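Here chain A shows up in two complexes: once beside chain B, once beside chain C.
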Partner chain A sequence: MSEAAETEKPKKKGKWTRRAFIGAGVLAGGALVVGVAVRPGNPTDEMKKRLAKGEGEELINAWVKIAADNKVTAIVPHVEMGQGSQSTLAQMLADEMDADWEKVEMLESPATARYASGAIGREFLAPTLEVPKILEPTVEGSFLKIADMMDLQITGGSFSIRGTGQRDMRTAGAAARQMLIAAAAEEWGVPAEEITTARSMLSHKASGKSATYGEFAAAAAAQSLPVRPKRKAVGEFKLMGKPMPRKDIPSKVDGTAIFGIDAKVEGMKYAAVKAPPVVGSTVEKIDANAAKTMPGVLQILNMGDFVAVIADGYWQAQQALGKVQATYSKSEGQSLDQDAIFKRYSDALDEAGSDGGDTEISEGDAVEAFAGAAKKVTAEYKVPFLAHATMEPMNCTVSVKDGKCEVWIGTQAPLRIRRAVAESLGLGEDDVTLNNAFLGGGFGRRSEVDHAIMAARLAKAAGYPVKLIWSREEDTAQDFYRPSSTSRFEAGLDEKGRVVSWNNIHTHLFDPQEAPTVPYYAIPNQLVRKVDVPMHLRFGPWRSVDHSQQAWFIESFVDEVAEAAGKDPLVLRRELLEGSPRHLAVLNKAAKMAGWGSEMPGGHGRGIALVPSFGSIVAEVAEVDMTGEKPKVSKVFCCADVGFAMNPDAVKAQMESAIVYGMTAALYGEITIKDGAVQQSNFHDYQMLRMNEMPEVEVALINGDAERLGGAGEPGLPPVAPAVTNAIFAATGKRVRELPLSKMNWA
Partner chain B sequence: MSITMTVNGKQAEVDVDPATPILWVVREQLEMSGTKFGCGIAQCGACTVHLDGKPVRSCSTPVSEADGKAVTTIEGLAGEDGTLSKLQQAWISEQVPQCGYCQSGQLMSAAALLKRNPNPSDEQINAAMAGNVCRCGMYGRIKKAIKVAAGMETSSNEEAAA
Partner chain C sequence: MKNTAIGAAALSLLLAACGADPAPGPTEQIVVREPGQAPKQAAAEPATDDAPAGDIIATGKEAFAVCSACHAVEADAPAGPGPTLYGVVGRKAASVDGFGFSEALKASGIVWNDAELDAYIADPAAKVPGTTMAAGAVGDAEQRKAIIAYLKTLAG
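Our next item is the complex of A and B:
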């Protein structure tokens, strides 16, 4: 394939290849998104004005800025919510361009379509990879239209490093370096191949010439962009693969880090809100008599879908809101209780039987193989709804003035917010400016737009800037929940104890599509199906999305199958992974770390689980102590293969984090519905894992394939719940078939 | 009502409803945003500040209780010349924060602990820190950083150099 052909827009979905991918990345990152060379009429001109403000600064391309003082700014199109990807993206770019890490700074790209994270859209087009559903609404089904792909700027799906980093940042860094070399070669009259680069310096040994990148920034900007810049091989990495300290951390230890809730806007007032407890209801009428005379109260508004109090201070707004009496309309969902929801699931599963429902994967004939099996195993599992409970409650500050709007927020989806705010105010998207701050946790919740629309409508109604802050109670009761689900399994074993049939049906499937399937397990007959059970609640992506339910179902049942086959859970998994060497290596490493098979004291047990997700493979072994009043998870050993860990310490931190998030759900996480409304309200009844319950966690990494990176933010979560419940079985012989564990009687 | 207190060593006078929680006075009247709102009912610890050296949940402590007293927030944890405290340095060396939202409160709870107990045991650290939720789950790193700051363990930087 010629280079020119590589830069052409591919015409068919199936034609995307790895080679075309990187070529197209340069094209899309250059000509179509932001331009690469700084030339009149090029779209880059506008970006140049916004980003290259300093004396002697030249914009080299979309993702990097080099100033005359030799300072390099990595322009990162992803937000920072704790996952550390802004810093790691800068690390990848700096390494490819041989920049001096000490002089590298980061800038979050402005929320405009020209800065959209195109790699996410392009990745979707690659036939072998699926884009997380979190991104779909903005793509709007037009996956092959470049313009629509560019209308993304989302952080989610464990995608920043493996998508944007691997495709855009590295390519941009390599291109920038090549352009700097070309500019120096021209000026010095020496062959480009003889010029070396290190720590933001260009050197030519034979002539003794050297210069900083900054000195050649302007000349480099005039160079044409290399079509396919040469990126480093793993052996040439200087920063990638090293545990570099994250650049966002110092501001997070001295109180200077600015989150969405910290926005300061001239003349702003504070809003507290309450939406009807049952989603779908509206506010029929309010009695504001007691509230309106309270100190600081400026306005009390019935917005139809919620009640708001605007006051001089937030506490005043909250106090007054508590005195507003509201009545709500009746709605469809208000008769629904938690038991009725699970009954709906059972009825739908009963109706689908052994071969009904929507087929997700079908290999061989699982039903027939089960019928002829020597031994049969069946089980049903249930998991509850879950809230995200980000530490920073939902909030948004908006100013609407003279047909223009400005938004201050911490969001995973800046462009989606901008569009939603524009639509709600009847403005054009270009009339809305968005300022994104750090996110006090995202976990999927901050990919939604509901709170921003509320704030925009309030600012418009009020006539002055408004900072809307949700109470914790509102945050808990008005979430986009991780769905509850029920899953049923049938497995058949032959006379030798080999698994010959795997048949699963579960309620609900959102994303990723592969979450309920087990193609990596060598089982000849596999059938996986789903049934949809609609209801009034709002659902959204929750860290690891469907893997959070499906992995617990699958890995619990694998243990039950092992028990039925009379095999050790590790031994059975090894047999099932005979055709999946990377998975097997991860499994074996975790087992080895934990000393699998060694003696444990009475009442203690060990459980294992392996889950591939978001392009990575993670195995975890949990140790539990069941001698006390309730289960205590004492240790978790984790082995992760993310392809290649660009910042190993940051990847380990993500595994540690996901383990706690997953353990919190397994031990305590439960949102229940009564009369259509969420019953939980704050951390006292929606409990979090705390330091006194923190197990010792040990993480090991395997770099299994540097060409195929996986995600890090989510894959550590799915294995932990099944590892814990499998350990409980090992310790007690009690099989856990419903979460959370706090529901069970351990006496 | 006028309330007079010392905030991070400086005299501050505010005219507010005495029932207003310290959290909102610090954030809105004094315009220091490092102290965070998390739950409003003293369940998560994100709002922790020191009142005369003792850790309190500022979301549930009325400002009237601070009248005539000293309040220390995260902005006052470093030395007067801006030198980070040992705890803050350890928070960086152990790469503790992820989203960072709870960390002001974590640091204030940890600082109060080390002040009254310079060599805390694991159980004592657990007891002092159990009121602070970290949704990013960095409890292991927080504990390690506390021990590093207390001189009970070597930092990850030193371990890497060794």
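Our next item is the complex of A and C:
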């Protein structure tokens, strides 16, 4: 039957309304496109051309493709950087459409604005906005527009599953299933309600008819679009909530997975680069005499803002680059040292005092309540700059030819890269084709565009394809750092040891801020403020963004308040979370897993922390052994409520990896500045957590709300540092007020 | 209130990024040669050192390339992932100042001689369970012998 359908021109039955954007998608020219196709003039035919390439393949909609051989391809707009969300997104789509998981494949969507995600725009611009149902389509539409403008085909913000998955993939899957049923009902002349679906098959029991999805793929594309396709209730889930093996794992095990750095392009040469050590400086002069005679060297370039060597091989380029002598212009930042940075912070905080700065939260009168408090607690905490240290260093391969450009990269933000490259070359965005590969770690670093612009400029200057690879030293010294920060707290207790006031001010270097604006402890008088401190360095999102600093500040101070109130840290947290049942359940579960309150040997201690972030709630209990020369974290118990764990195995893996990444930062992570430049260069002075330092990790999941999902990639990170430092206090009585722990003398 | 402010900030950033001029080309571009063009000087140098074949120390030095990812060989070299191996032969294990040795290696009581080094390089974790030397095991006995011969030359 597919043959007949192919020759038949697809009918246009569906009609687009604003409402349909939320519902499911569009039917136009035989292709069904979900969500982002709502705008007038969307070239769905072009989409169809790009995605449905095979013989007899029909594009059902932008998120799902069904081939005549019954193979289902989930087209996902998010990238694979180790977090596994592509696979889970496919799982969500497959479940809603009753597809056979064995026959489901994934395809990363091409970098076109049609996949720009409105949900992430909304998340950034108005995360707490409550929208009446009737206005939703309009609101979503406007956020979509903003997302499009901001080039947000982004993977970040722990948002793929809870945003794209929950909103788009499931809707698309349900719509596809409904359209397949409608097509079969029409062909077989039976009521649609009597047709059942399972494992990519349609069946009608009474007539004994059955067919594969593939057989009806073409006919389904001509069916009208369900405005609000019915999605499964939790009880009907077959794949969602199951620990399905991730589809990206086999290729990573057998080595066939292709990362950005694996790009191979006909005729490409290799570039190594070095930017001025101080951000804001330019390259004044280069002496390339020694480099010119080095083997393999093709070109030596002063690009103004960096020096480059292009050679036949990467190692040759890097070796020759080391022989190029460069002088740099003086710049504003070059007089800045590490101590001066923290001095700036404390000066700014001094000036703001107890009620100055920009107010983020103000409830009651924290200043007055503190003045009249029976007991007062104050503390100051400091955290350093951090680098991302992705395992795969920054790289990008670019070919520029005849006014067209092609880019090979592994990026969290394909559209942003495409636009940046187009602008840097003076081309239109449609002249730039982007090929995105797996990312060897992202953590926020790969949402930046700097390395792609460099590669594009070099390829243009050279006249042949160039593969740019940063050295580890360049990667460490030219990052967009997690800001350092100083935070001060004042809390007041009444005679009964109840917390009556909470006053916090912290330094602020980089938007967006989320953490300090989400108070989760019920304290009657709260004042939370920030003070901006300008600096020449570049800052960017780092796994869990500002929660990485704020959670450590807040959860350390809550522990100090508990100590002052003479209460167990768990007991005080329970009191402050009385009105938040989900938070309490997570806290109590983690405490129970760890056997909170049970005896520990001398020199050992337990610490707890709870942090809500990215829509999820995570509590962790760390056990430390302080009997050696330095702290040894022996166990971490983690309980996470991500709403509903679509793939529990993947969620657990994310919690574990966030704990490793967070422990690396807590134990060792520190970028320092001298004369305006970063002092660290490689893993010997920017250490990672080692295998023998890895604690045993136990993760439990709670499905607290299947309707409102939270993220998984980041929320596991914030609680680990405070859990560890609170444990150190429990073991030693020493309060840690500055990270990393490697700075402290434990003798 | 707060959300509006963040939104405005994000949008203003966005507007600032619009309509940018193309990025500048090179201020200086030295073209040494075009791709495919033969280098002016013969690049084909002999791959091996001028040491005579069969020289065990030269073989060891070559085999040491694997080790050099972590270990320096100069007396005052800063610590990498592993300590400097200058003067390692005859030295007590875990005795280089300023390197964070594992408790296991410190407690091992090993004094590095041919046999101890051979066993350790063959399988560090088996010889000293708990060592942080997670990589670099050399399975080939001849290679280990050569590496140890080379290590012996690293002393004042």
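By definition in this document, the second predicted complex is superposed on the first by the 665 of 747 C-alpha atoms of A that agree within 3 Å, B and C clash if a C-alpha of one lies under 4 Å from a C-alpha of the other, contacts with A are read in each partner's own complex, and residues count from 1 in each chain.
We adopt the following convention: a residue touches a chain if its C-beta (ideal position, glycine included) is under 8 Å from a C-beta of that chain, and two chains touch if they have at least 3 such contacts.
Just so it is clear, the model here is predicted, and its values are computed rather than measured.
Of the two partner chains placed by the overlay, neither chain B nor chain C lies in contact with A:729. Of the two partner chains placed by the overlay, chain B and chain C both lie in contact with A:683.
By the touch criterion stated above, A:328 is placed in contact with neither chain B nor chain C. Once the two complexes are overlaid on the shared chain, A:692 sits against chain B and chain C alike.
Of the two partners chain B and chain C, it is B that touches the larger number of chain A residues. Looking at the shared chain after the overlay, A:250 reaches chain B, while chain C stays out of its contact range.
Using the contact criterion defined above for the overlaid structures, shared-chain residue A:295 touches chain B and also reaches chain C. Of the two partner chains, neither chain B nor chain C is touched by A:553. By the touch criterion stated above, A:502 is placed in contact with neither chain B nor chain C.
Comparing which residues of chain A touch chain B with which touch chain C, the overlap comprises 295, 683-684, 690-692. Residues 81-84, 243, 245-246, 248-259, 261-262, 264, 270, 295, 313-316, 318, 389-393, 438-443, 469, 471-472, 649-650, 653, 656-661, 664, 682-684, 688-692, 694, 696-697 of chain A touch chain B in their complex. Contact residues of chain B toward chain A in the complex are 16-17, 20-21, 24, 28, 31-41, 43-44, 46, 73-75, 77-78, 84, 88, 91-92, 95-104, 107, 125-127, 129-143, 160.
Across the complex, chain A is touched by residues 2-3, 6-7, 9-11, 14, 20-35, 39, 41, 43, 45, 78-81, 102-103, 130, 132, 134 of chain C. Contact residues of chain A toward chain C in the complex are 124-129, 146, 149-150, 267, 269, 283, 286, 288, 292-293, 295-304, 312, 360, 423-426, 453, 456-457, 460-461, 464, 511-513, 517, 628-629, 683-684, 690-692.
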